[in-house]
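The first chain written gets the first letter, and so on, giving A, B, C and D; residue counts start at 1 in each chain.
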């Protein structure tokens, strides 16, 4: 069935990528997932059947072990279907969650691709659309395992870490 | 050198993706390559060193054998550097040019990824940014050979053809 | 009632401003009014109650006397409500239609503001949003009469004509 | 000289309209004026010669009497040229600054139009472009005096105040 739609899960956790501007108090906060309206609606994906599930809406700096366990449990739960998974995550601790999954469940049987953004989705020059396009594309073609995609580059977990001063991720040699 | 910039060629040939609106006569025409200003400027590609070369500015319906020979010769010329190549091409004959290359030069030693767009780059709902992001990402990670990327899907040349009624490409089983 | 919503009519006639790209044949055509989805949805107008009516969907170069009579009749019909009127019109004959109204019905009792665009609404650098914002703003505050707004400038009909080489309108001294 | 360019001053003071996202700490702050690159560059104003001057870069909640005196002094200084003035200002105390000017210098001889935004300029659904387009248009055609424009409506100072719960300004009867 070469032209069938491939199902794909997007699990959202919050992070900069989904921060929303509050016009009343002028703050940027994680309230709800906005990836559907702000990105997916604008993409053309005739061969991908995307399901979005919001696991939590957290700044990744305040994520704890319980949050990571829940993310991994959710990945395991959706792995049963055999479809690729994209995880949207705050960049500050993306590598920690990715490594947590890698160390606690190496036997993953689908591709799991982590991504996020340096600038929230609502900005006209956000890097979120690019990163999400790359993550979806990568998740469809990669072999099972944990990955991160960011700014045009594919990383294999656990060989990835944020480079704060450059505002991107880099490979650990 | 895991974090070095990878050089990558984008060869442009015209097509819908690069049609420009003429405010004086109200026409859409291929005049010059606009991929730099309209897409690349907006992407974050800290690990990719993109070189754009305009081979021609043609509606792909008027391309002939000579044009295709020139495109293949240009691919061969840039193949020497060993870096991946993206070819921007009109969708109406993209599959013909891709097959021409495949049949006349199977021994290609770098990944060559063809893409284009259904709606020109200047439109706010153009599919061009998505297709170019996917093509660059794919070209960086694929093994040598001819490919097309379009609307989230990777195709192996020659198993690809346009589906005009659906406004996208599909796989030939 | 200083904070009540003011009703305002937008009468659309086609023209470059509302040309739509056809992905199947690559043409730009006037098919239907797109001003609601492409502009009005994005504006904040808490004090304006906008009603859009599509009179015709024509390139203004093919408009004839009958079309202009119909436009004027529509203006007269909506004038009865006493609310301001904005007319979206192709730029090539905007001045002709505006003068036709002026000459045949000088006694207009509401402000009627003509505008259009050099680049269709769907382009990311279209001048249509700016022109429509200005026309709505002007229509709300002007005294009865015929006007055009374009590129930041207010014109009094009949002292306005297109400057083709500059791609804008200018005042007739 | 009906088609000459009309000079017009835009005095910026900061406020939500010019808040910039800091990718390193995730904050929104007033650092510099961004109205040139983010708005003016995208407008077509062949008959307006805009000069932008940044007076300060402040959240309007922290503005004090000294700031307001400086804003009024700057208005007086530029009034000498006889050209219209637009003042970009945070919405939280826009009405206070406008009234301060009105009370301390009623004899203003040019139109002075205050505006701002509920959502910073960098967001794809910011109200800033609309408000700035309206303010420039209004400043060009109004008689001397103090005004505010916001969300399609023209207000006469001092009959204007923010309606926080509605996220806009309203007229004081």
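The criterion applied here is as follows: a residue touches a chain if its C-beta (ideal position, glycine included) is under 8 Å from a C-beta of that chain, and two chains touch if they have at least 3 such contacts.
The structure presented is a predicted model; accordingly, all values stated were derived computationally and were not measured.
Enquirer: Spell out the chains that contact subunit A while also contacting subunit B.
Expert: none
Enquirer: So, comparing C-alpha centroids, which chain is the farthest one from subunit B?
Expert: The most distant chain relative to subunit B turns out to be D.
Enquirer: Starting from the mean Cα coordinates of subunit B and subunit C, work out the distance between those two points in Å.
Expert: A distance of 39 Å separates the two centres.
Enquirer: Taking each chain's centre as its mean C-alpha position, how far apart are subunit C and subunit D in Å?
Expert: Going by mean C-alpha positions, subunit C sits 27 Å from subunit D.
Enquirer: Just give me the whole-number Å value for how far the CA centre of subunit A lies from that of subunit C.
Expert: 45
Enquirer: Which subunit C residues reach two or more other chains?
Expert: Those would be 118, 125.
Enquirer: Could you draw the chains as nodes, link the ones that touch, and say if you get a line, ring, star, complete or other?
Expert: It is a ring, because the chains touch in a row that closes back on itself.
Enquirer: Mind giving me all the chain pairs that touch?
Expert: A-B, A-D, B-C, C-D
Enquirer: Given the complex with subunit C, which residues does subunit B contribute to the contact?
Expert: So the residues of subunit B in touch with subunit C come to 16, 19, 21, 23-24, 26, 28, 118-120, 122-125, 164, 167.
Enquirer: In the complex formed with subunit C, which residues of subunit D make contact?
Expert: Listed in rising order, the residues are 2-3, 42-48, 118, 125, 127, 129-130, 133-134, 136-138, 140-141, 149, 151-154, 159, 166, 168, 170-173.
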